[in-house]
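Chain nomenclature is as follows: A, B and C, assigned in order of appearance, with residue numbering initiated at 1 for each chain independently.
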């Protein structure tokens, strides 16, 4: 009898629970909380949807803020409505996310977007809708300045190439290192020792290596004419293949195809210091009378140059690596600094088109010098006179790539 | 034909990459992406070319007993040992390939790099002469940077590290930028010459 | 007397080599310690930037060097990895140089064990990928497409810390430890300028002058230059008696030895010149 009230209460609770679950309400035990304290879940607001700038199309950027009041949602959903009117859930994002990029849109199609807030597995809040139309752009807006500069540079260089083609006399100052190439090869011939040509340690995709191959062709022709052996150890297999072709052609042009020895152009190793060790070994064993170090070099530059100096060779070096130039200057007889290496093909061949491009390169450099001087003056005086500061800002934007 | 095809490929590839840099619209974006992937594949393939050439050169040296042929078996054995160990054991730590790499290749490479210290000293002794005011200025800067680069500089005078930072940040940067701009202009001009087919000697026999 | 100066001027370089060797060996053998002082250096800038990142940031460390430059760059790698682990950041290791991946693995795994970090939760080594700057550009589109698995062939989808990382936009900092090319410059041009990712770096002392240009234009947030940069970072992180700090003693003595050689060489040069015998 004492247990009867407890049993009745239990039955009532069970019945009530069953009735609640049949009606689809919240699980038993939760009904008191849900009816008394239904949470207000924070929704997204200030929704913006824009076509993603500077892309190939198909992208829309959606950004939003979250309401400060309300319960933090468990997650957020990005809903897209296309032309068909059907809603599509694009993504479920962790709470705290404030941006999303839709990458599956079609260009020219209007889409509407909204952000819903999920709480305990159900949608508990939603933002308003915004629309956007994705499209592709024809130009990166952050690179217009660079494009203008490139067009100016190309125009200058092509103009001077045309000038050269028309036969106008173009003055090029003497570059000591290049003028000494013949003397160096001649010296090697007199001493009966080989010429060693080191084309740097980078691959054929490096412009300096390509410039080095150009000079190698000239040196090969000279060694063929003088009858000096030429050794070309390379650090990359593709460079070896190109060097073999270039040297072979040089010997053919000199009328000495029989003297060409393919084995004298060989691949050592890709490893930087393995290559340096191998070349040092060649220098110490073969004792070349002339050494050319032309191309891209890194830390091994001084190791090679000092070893070459120790055997008494005349050394002509050239690189556009600013960090290695001081080492070559200290250890070599002649050094081609920076763009002098690229000037070599024009200087040695004296071909009008190449000379023209060299002049164009110099004119383009003058353009940059003027730009820098104007920019420095504008930035300095602009601190005291705002109109010039805007000139400095303009120049900064012009040369900035985004 | 031997010239036209490589020149056409150079021109097309060069223009695609230039346009890809400025134009996001299709088909330039896709073409540029594809070229970049092809480049990565070709770069990987070149590794095999190098390995094949290495073996060819050294086997030939042994076969014909050319000068210094006795060093070639050492090269071939070293090459094959590392390849076989790498294939069988992978590159995981503490396995044979990694052991040989860390205990032989690494120290040998570091040793070669260390030669620089000796060569810098001998080059400095031989070449650094205060023969005029410019060379004297250079020497003074070198001394300040060398002292500022080690703790002793700060112990001698606390302004030395500041002088070093100033030298690196201002005069050095100005000089580096000048060389870099000049070299970059050379790269642009050379690249344009190659793209437009004006420079052809890198193709071999194309004058 | 003139002969002495001529002899000094033409000193056999092997004597110079021996003296340099002694100037490095003696401080090491005698355990000479010279305390490292960190001033207003670019190394401090990098340290402070890492400090300012919110915990749990994704940081790429690109190990772009090989064993020959390990003595300078490996101490940097270890100091930077330690700092990132202590700050609770996630490290994504990769390499633009083939041997860099193994050296990076060495640094990350040894410190991971000692600092109680877990691979795939706190760090991952994606390994080496060829292509240099081209590869970096592709990372800006999709990192998963470039690295479908990590260095140990574990698929991207099975690495917890990589879920939610799509491309470089999800990375808060890239630190390139580089001995040459491809390296810091490629990261600055292809990631920093294109995708606006902060780039920090560590390099050999020889490369440092060239990279100061990028510091000044704020294309880099900090730079560790050579062994001194590594020693500075070790000091700031609080590594007592780190490898780089210990290296400062022989480096100091060697620098002084080289300066003495230069002075002696100049004295001999001027004395020869005075006597009309200089070349």
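Going forward, a contact is a pair of C-beta atoms (placed from the backbone, for glycine too) under 8 Å apart; a residue touches a chain by one contact, two chains touch by 3 or more.
As the structure is a prediction and not an experimental result, all values here were calculated from the model.
*Asks:* Tell me the shape of the graph of touching chains, choosing from line, ring, star, complete and other.
*Replies:* Graph shape, chains as nodes and touching pairs as edges: complete.
*Asks:* Quick check: more C-beta contact pairs in A-B or A-C?
*Replies:* Of the two interfaces, A-B and A-C, more C-beta pairs touch across A-B.
*Asks:* Report back the single chain whose CA centre is most distant from the CA centre of subunit C.
*Replies:* Chain centre farthest from subunit C's centre: A.
*Asks:* On a C-alpha centroid basis, what's the spacing between subunit A and subunit B, in Å?
*Replies:* That gives a centre separation of 16 Å.
*Asks:* Could you please state the distance in Å, as a whole number, between where the Cα atoms of subunit A are centred and where those of subunit C are centred?
*Replies:* 21
*Asks:* Among the residues of subunit C, which are close enough to touch at least two other chains?
*Replies:* Expected reply: 13, 66, 68-69, 206, 209-210.
*Asks:* Residues of subunit B that contact two or more other chains, please.
*Replies:* Within subunit B, the residues that touch at least two other chains are 39, 43, 108-109, 112-113, 116, 120, 122, 124, 126, 128, 176, 180.
*Asks:* Give me the residues of subunit A that touch two or more other chains.
*Replies:* 271-273, 299, 322
*Asks:* Which part of subunit A faces subunit C closely enough to touch in the complex?
*Replies:* For subunit A paired with subunit C, touching residues are 202, 271-273, 296, 298-299, 310, 322-324, 401-402.
*Asks:* Report the residues of subunit A in contact with subunit B in the complex, numbered from low to high.
*Replies:* 54-57, 136-140, 143, 146-147, 150, 153-154, 157-158, 161, 203-205, 207, 210-211, 213-214, 217, 236-238, 240-242, 245-246, 248-249, 252-253, 263, 266-267, 269-274, 276-277, 285, 299-300, 302-303, 305-306, 320, 322, 325, 327, 330-331, 337-339, 341-343, 345, 349, 353-354, 357-358, 360-361, 364-365, 368
*Asks:* If we count contacts the way the header does, which residues on subunit B are in touch with subunit A in the complex?
*Replies:* 18, 21-26, 29-30, 39, 43, 46-47, 49-50, 52-54, 57, 60, 68, 108-109, 112-113, 115-116, 119-120, 122-124, 126-128, 175-176, 179-183, 185-194, 196, 198-199, 201-207
*Asks:* In their shared complex, at which residues does subunit C touch subunit A?
*Replies:* 13, 66, 68-69, 179-181, 193-194, 196, 204, 206-207, 209-210
*Asks:* Quick check on the complex: what are the subunit B residues that touch subunit C?
*Replies:* It is residues 33, 36-37, 39-40, 43-44, 91-93, 98, 101-102, 105-110, 112-114, 116-118, 120-122, 124-126, 128-131, 139, 142-143, 146-147, 149-152, 154-155, 161-162, 165, 168-169, 172-173, 176-177, 180 of subunit B that touch subunit C.
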